[in-house]
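Chain naming follows the written order as A, B, C and D, and within any one chain the residues start at number 1.
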């Protein structure tokens, strides 16, 4: 069984499918996330694919400070993802509410709603930073298991 | 005698109580104040006789015991008439949707954020506050404080120990009440959807593949920036205003800064306005290339996304070189610009722009010849010229229906008065026309940037700005890549602005989405929504568009659904025994 | 080699793939914590109640009828003894009939 | 008996088909990425995706019909694998052939589309129901042109068996050039069957999220994806056997290499279509298929009939 677990673990690291969700961001980070898929950065080299439904995704890439209206939708999407799942918070807003800290309709940061595995600072986090964040997340999974 | 003065004369001639109180603050800005009972007649005169055919926005102000309203009306020539009026806090005002149907969004915002009472406002989805926000809390009131939301304090105000309802409970989403017909499918294109780059929620009533009705709920991106601006100083506000939207951040910061400079009476140096224009056009280039890619992605043509975003990276490098950051450039400051363009950077920019010019010619040729592209774009999302004028669409959406509404030409700001460019219009009235207009504007932006770079005057790049801005108010308009962006700022002499009002271009265009989606296929919804190049984080506005006769929602089990549909089809005469040929659409 | 005839091969492979599917469930991840909204149908984040839907595709009914008629006629044609002159005549009649049907379908 | 089991499970059966479909998926994604001048995935990507999906949690929506939800992928897989035995790969003789195996193969290739419909319909979510009904609507459009364009060479060869057809064209060289029009029609219909871009309307990502696969995840999704990849290989080899029957007399090794070249050429063509075209709407697709593709297929049959009756005495 040990060998099978090792193979499945290798496969999990080699094909991380991402789901992008904008929880009230100014969509600068979202454009940078999608820019990471385009020819100059092309995350498909690491097997990363942008998927459409939480059912197909392993990594939930969120950007933006969680606004009150979107908080429950975010929790629902997070719960609809099958189990070995991770959350990456892209941008300073997703990490700590950023420049929108203290505004009345903002909860400030993704970790106010769901547990987060990796934080990528930057306003907006450039595609290089996003790729570096995802690769660091995968490396940390490699050591943990 | 500019035509602004003639309008001033006409107003004072018609209404003698206005004698001397009509203020011409700037070359194209008319300000006047009136009591609410005389307001209706004045408004009707301005719209009908004086030809103010476009409602920019309505600003709400909290003035102690009564609520102030400013109606910003614009003329195609660029003159803006700002009518101020005020009523007691609980006195209702009459809705102006009779003159401008698009006014209901601005009024709905007044109701939600300021607690205004508007008669005649059509029932619709709540905007911009979340569904579970208590109805009696008005955030933009001066006496309202965010501390109310802390845990518990909401309870004391209301006696019972109830916690501010932010817990994950069943929120009544837009799709729970039925907008559908008997056997329609209500499809939620929810906050998370591959076609939407930002969270907004459409609930689409479908009859087979045809769209029967669309209800658009936004407000997911509403962060309360306007309230935030009132608690920060002018300089801190630049960085907050710039992050309203990631793609048109320079638009918002330039509009905000030029309004503050108009109040403070600062005259920024020529070189600074040239640099602002160059950065504005570079942002328009990268925004249009981005849109081209997203449009390609929405119709399943991913190669266009990859090619156009690959070329866009060249522009992002230039912007990073000029301003230090790929997005949110932060180059504006009150009184001028923060960084200068050195002479050795100029040839690099021109070289990149020339290569992009070749590539855009290839895209124009592609848009004119690619069969499947034309098939998916032409005849989709039709918006006639009358609809544009009635619904107040702006930017490429308006120019694609041959309405030459371009703020750079009508009401030039920064250095656009000296820029040689022509307004691109098209008469296709559909998504195909908008593609042509945007590609044409790309070519214009290339030539404008080169022109500005070559004959940019020397001199200082900024002027010393006072920390405290004297009391006053100003309206500034800016032609963002998506359309006209309006900023209203009111200052009271302290370090913090009294009121900051932002009306983003997508707000005016969302009105037209429902008109375009009438009787279209579901497959057209993503491309029609993408065609107005929505930037909902600017907007976070919401309206209900087509409301079918609202039947009460009845939960049907599978069995009675089947019996129901069999019986419904019998009424339609489809019971196979005597097959009646349906008209093929 | 009757084992290679279609029905038997189908049954063998059906059993094999069903076994494969069951076997691979031992590799699947076993969740420990609560399910939450995991098995609620996906609706873009909204909590939609009406899932039992019956989309009305009557717009494509004419194509569906045309498809079934043509399909049956093709099968009849396929079972004709190959090579005889009769087959040739029937084939030509079939094609002319199909072309006529297409013309009517699109003229209206 | 043993040799037959070897055939079923190892050579042209599960193992060979599985490996070659993974290689084909890699080839397709890499070519697609290179055409968009992206770098594209590494060579082991399809295998990694498949194993990762196996390792995911098993999710069955509460409102879905458990039985149908779990069985659809299994049926799709079985139908595609069974069809592979009756197609002559490189020699003029398939593993097993009988008169009428052409009709059996065509109908076995229709079963996956039906399982997509059942899977989507019984997972009872809004997006999957619409995706399911769309895949059936699309079936109406491409099925008849595919059948007719494949029956045309069969009529010319006077048989309904793929192996005899291959033998006929082997003995009459250059005859297959008459069927090139049919090849074009069959290629376009194969696009529809495999739901590739100009016709990937049932799982249009930006409209109905993932069509009938919206509620699928984990190993069931893995089997559906494997079934689609295998269907691409089986469809390509069917087209190669029917429309490109040249060089069948070569030695088994050379013949096998020629066969691989043929199917990878067809898969490269499919990847090229995926890069060049935008996705059509369902009504445009149905109209396009009935207005242009079906008449051309009928013309091909007419051409073959004329050839058989008058030219080849």
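Rule of thumb we're sticking to: contacts are C-beta pairs under 8 Å (C-beta built on N, C-alpha and C of every residue); 3 or more make two chains touch, one makes a residue touch a chain.
Since this is a predicted model, take the numbers as computed values, not measurements.
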Note: chains that touch chain A and chain C both are B, D
Centroid spacing, where centroids are CA-atom means, of chain C and chain D in whole angstrom:
13
Using Cα averages as centroids, what's the distance between chain A and chain B in whole Å?
28
Mind checking the centre-to-centre distance between chain B and chain D? Centres are C-alpha means, answer in whole Å.
47
Which whole number of Å gives the spacing of the CA centres of chain A and chain D?
35
Quick check on chain B: which residues sit in contact with 2+ other chains?
171, 185-186, 188, 190-194, 199, 206, 209, 306, 310, 585
Can you pull out the residues of chain C that are in contact with at least two other chains?
27, 29, 31, 38, 40, 42-48, 52-53, 55, 57, 59, 105
Multi-chain touching residues of chain A, meaning two or more other chains, are 8, 38-39, 52-55, 70, 73, 75, 77, 82-84
Have a look at which chains touch which and call the overall pattern line, ring, star, complete or other.
complete
Provide the residue numbers of chain A that touch chain B in the complex, in ascending order.
19, 21-32, 34-35, 38-40, 50, 52, 54, 64-65, 67-73, 75, 77, 98-100, 102-107, 123-124, 126
Give the list of chain C residues in touch with chain D in this complex.
1, 3-6, 9-10, 12-14, 16-18, 21, 24-25, 27-31, 38-44, 48, 51-53, 55, 57, 59-60, 63-64, 66-67, 70-71, 74-75, 77-78, 82-83, 88, 91-92, 95, 98-99, 102, 105-106
Sort out for me which residues of chain B touch chain C in the complex.
170-171, 173-176, 183-186, 188-193, 199, 201, 203, 206-210, 553, 555-558, 561-562, 565, 574, 581-582, 584-585
Residues of chain B touching chain D in their complex?
185-188, 193-195, 206, 209, 296-303, 306-307, 310, 370, 372-373, 375-376, 521-526, 585
In the complex, the residues of chain A that touch chain D are 7-8, 10-12, 14-15, 38-39, 42, 44-45, 47, 51-53, 55-56, 58, 82-84
